[in-house]
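Before any comments, here is the structure.
Chain nomenclature is as follows: A, B, C and D, assigned in order of appearance, with residue numbering initiated at 1 for each chain independently.
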Amino acid sequence: MMSIAAARQLKDNQICFIGIGLPSKAANLARRLHAPELVMIYESGTLGAKPSKLPLSIGDGELAETADSIVSVPEIFNYLLQPGRIDVGFLGAAQIDRYANLNSTVIGDYRKPTVRLPGAGGAPEIAGACKRVIIMLRQSPKSFVEKLSFVTSVGFGSGPSDRDAFGLKGAGPVIVITDLGMLEPDPVTKELILTHIHPNIEVEKVIESTGWNLKIANQLRVTEPPTKRELEAIRSLVAAGA
Amino acid sequence: MMSIAAARQLKDNQICFIGIGLPSKAANLARRLHAPELVMIYESGTLGAKPSKLPLSIGDGELAETADSIVSVPEIFNYLLQPGRIDVGFLGAAQIDRYANLNSTVIGDYRKPTVRLPGAGGAPEIAGACKRVIIMLRQSPKSFVEKLSFVTSVGFGSGPSDRDAFGLKGAGPVIVITDLGMLEPDPVTKELILTHIHPNIEVEKVIESTGWNLKIANQLRVTEPPTKRELEAIRSLVAAGA
Amino acid sequence: MAEIVSLSEAIESLLNDGDIVALEGFTHLIPMSAGYEIIRQAKKNLTVVRLTPDLISDQMIGMGCVSKLIFSWGGNPGVGSLHRLRDAIENGWPLPLEIDEHSHAGLTNRFVAGASGLPFAVMRGYRGTGLDEVTPTVAPIFCPFTGEELRAVAAINPDLSVIHAQRADRKGNVQLWGITGIQKEALLAGNRSLVTVEEIVDELDPRPGDVVIPSWLITAVAVSPGGSRPSYAAGYYQRDNDFYIAWDAISRDRETFMKWMGENVLSAAS
Amino acid sequence: MAEIVSLSEAIESLLNDGDIVALEGFTHLIPMSAGYEIIRQAKKNLTVVRLTPDLISDQMIGMGCVSKLIFSWGGNPGVGSLHRLRDAIENGWPLPLEIDEHSHAGLTNRFVAGASGLPFAVMRGYRGTGLDEVTPTVAPIFCPFTGEELRAVAAINPDLSVIHAQRADRKGNVQLWGITGIQKEALLAGNRSLVTVEEIVDELDPRPGDVVIPSWLITAVAVSPGGSRPSYAAGYYQRDNDFYIAWDAISRDRETFMKWMGENVLSAAS
């Protein structure tokens, strides 16, 4: 459901900055459904890759072989991402807060962490510079927290004015897609509001899975169930193997 | 004589930054004589070009076709020249002063020039960053002047400490080759001293052709006349055409 | 995604009087035909950006299209002066010409900063030179870690950037090879961009040393065979060195120049 | 000009205990065999620089070669944690590990500054993040033209930079293709440099998308067939995704890890 919901967010001809895992699955799904001309960019430097199966790593040979062009890593970050040329960036994380700030660095104290996570990678600049950011993250009280252990990437900082104050060019996160529903920032306060629940999920379940006092949209909608075509596409993608 | 004298300054395996005209002639001559593995770099981005004839412009097709590799102009200036990776840089100019500063920008006032010259090009950074700089310039009171109309490239500024003060990495000019002789900076004061006169040239002629009070080395030498092999090489190079 | 249009449509819709326009191509792939079209459409008050102004800028200046030139080496390569450029600076003919002058490295880094979405770039240069004093787009900057003094150059983001390339495909992806100079950075620095190409092909088969610029980074592509002459396009035609030498005599005299432009540019179809 | 030497000679002569060593290869062409040789020669107290530390750093850390890691993403790509890296940071085993942590863009620009002979690079980033507070090699910088606040990152110039490439010729010119990542900048940033290659050939025939690094920019070249395994070398062998998955179990437990290293690295000839 998460990757189908994410795939639906993508439009044809958009330029997407893709990480491995759910984002890669969502983008490749969109490409097989309604967005055949979606341009996928992996931070390894491949522009317009068209993999036939889901890659395990962003360096998989097939990404390079099927790319329109391969550029260096400085070009990816300095010439393509930083100036705001990318339409959509995908991010995941270990923790998110109510302003869609993300933590993928540590759980616990930075100097003496309980759990050391992989770290920032491309995330801070994806969060800062893409025109729109889509966040994908399973929902639980451990991941949807009142206060992050560490701010790896800025969503809206501590409120609506922080992106401007930090000089961040993109619009920031536009949607958070979880295994239970979808959250969107309030147009004014930028606090994440639950706007959709997935089919057969209870609102209480979503509230219990959120570590802060979750606000619910006045018109809460149920996410459209996967269509037959979507389910077939995801099955064939998974069957093609990693 | 100028290009032969300049060619003699080059050693095999050196990395040389080459402009069109006399420098290109000198380097191509050295490559046919004692320095077959000289690496010629043109600022258009060709590394290790091996032209069979003298190019008219640094963009001539043959430079690209015979190069070991072609890089972008930002790479040439930022990755290769700026960090001081080039052994020898050649410069010409319209004017030179006693500290081997060069003018290739204007004659007269900058805002209301009598003669507008082409300008800086790669010269300021060649002068600043190459390990050694060789200057080639015909000698006359109009070109060897007390005061430049404009400082396009720094030799030694106003004396021995200026290169350090300006953060210039290379050693600066090591020799000035003219149609009359050769000048080298005094090891202490960095003022240019006449150290060689070419065969059949009178010292008086050199002094008259210099717009400042030219100092003469205690042991003034006569430049070794062109050998038969040098003359043959230059003839075949010229015969191959521009 | 790049639109594929005619050269005259492209110049008409993408370039306004008073714009900053970069025309790049470092000795190779100079977008000459785009310059001719700008002259034919009698654009005015342009700020032209180009490392090596070359014949293309000499002509635009002489025809009165240009009020300001941002450049780093303004000569006829291997030949001598650009007489129209000199006449404008020395005598204000046909119009006074404001200049913003850099070294190659400096102007290169202005394009790099522009392409990178940064307001400036840092470099080692300018200190001790006259350009450091006369050029307002150069300023001191200090390393926050070592304290070392360096120079900042202001980013340049032309309203329109024009380059010439060998080929494009039908989607507007562009391929160039040989000496590729500063073209990619100039193109990316532009708020709008135009690529003239020798031809449009079905498939851009990969070539050693090629640079492929995806369609989504380009505003428009226009077919213009021979669009670089008398400069050259590797794999298509050679540099016309004789014409560069001949230009010296054509351009030296105002009347000869105007006559040549009338016969060879103004009366020609785009 | 690059000397062509054996891998063991290269590591012995070019790398000293206490050095800063960059080992680059962005998912492709990772210089694994150089890492094994460093472990076999029991180098100590190294500062390792690598955007994506990957298995190569996990092994060097677990074997006690590393006292500091400069990195931007420390995971097993597509699999999960690097357990030796985590054990060192979380529990100080086998040694405490100091870290200097960046984003990919930040560490990329540290290499770019190092390759460019500048003390720092400028970028848009870090503001509002925790890295801005904990990482001393990031500092505020202001545009001298617009006043805008940006971030500077300190240049990095490793004592030794190591990359892996497909081929070299007998003069030591190196050719790589496919995903070429940050390798050129990492190599140029190094005070000394080593390139391991799949093979040495008589002639480097040009290839689409290749990067050719001239011999005069390289200190040493060493032949090391399969030198990237379990990473890959385009045109030579594929990425061993199964091994990346298997590494999770091997590296999770200290004893299993030590046993694997003993059997597969320490007892192997270089």
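The criterion applied here is as follows: a contact is a pair of C-beta atoms (placed from the backbone, for glycine too) under 8 Å apart; a residue touches a chain by one contact, two chains touch by 3 or more.
As the structure is a prediction and not an experimental result, all values here were calculated from the model.
> Shared touching chains for subunit B and subunit C?
Under the touch definition, subunit B and subunit C have D as mutual neighbours.
> What is the graph distance from subunit A to subunit B, where chains are linked when they touch?
Minimal hop count between subunit A and subunit B: 2.
> For subunit C versus subunit D, what separation do you get between their C-alpha means, in angstrom?
Distance between chain centres: 39 Å.
> From the mean C-alpha coordinate of subunit A to that of subunit D, what's the distance rounded to whole Å?
28
> For subunit D, write out the residues touching at least two other chains, lowest number first.
Counting only residues that touch two or more other chains, subunit D contributes 117-118, 123-124, 148, 150, 184-185, 209.
> Would you please write down the residue numbers of subunit B that are in contact with two or more other chains?
69, 78, 82, 129, 169
> Using the contact rule from the top, write out all pairs of chains that touch.
A-C, A-D, B-C, B-D, C-D
> Touching subunit A in the complex: which residues of subunit D?
So the residues of subunit D in touch with subunit A come to 26-28, 51-52, 71-75, 77-79, 81-82, 85-86, 89-90, 101-105, 108-109, 111-112, 123-131, 134, 148-150, 178-182, 184-185, 209, 231-232, 234, 238-239, 241, 244.
> Can you tell me which positions in subunit C touch subunit D when the two form their complex?
Subunit C residues touching subunit D: 117-124, 137, 139-141, 143-146, 148, 150, 152, 154, 206-210.
> Over in the complex, which subunit A residues touch subunit D? Could you list them?
20-21, 43-46, 55-61, 63-65, 69-70, 72-74, 77-78, 81-82, 105, 110, 113-125, 128-129, 150-154, 157, 162, 165-169, 242
> Going by the contact rule at the top, pick out the subunit A residues touching subunit C in the complex.
So the residues of subunit A touching subunit C come out as 13, 15, 39, 47-48, 68-69, 78-79, 82-85, 129, 169.
> Within the complex, which stretch of subunit D touches subunit B?
1, 115-118, 173, 184-185, 188, 212-214, 216-217
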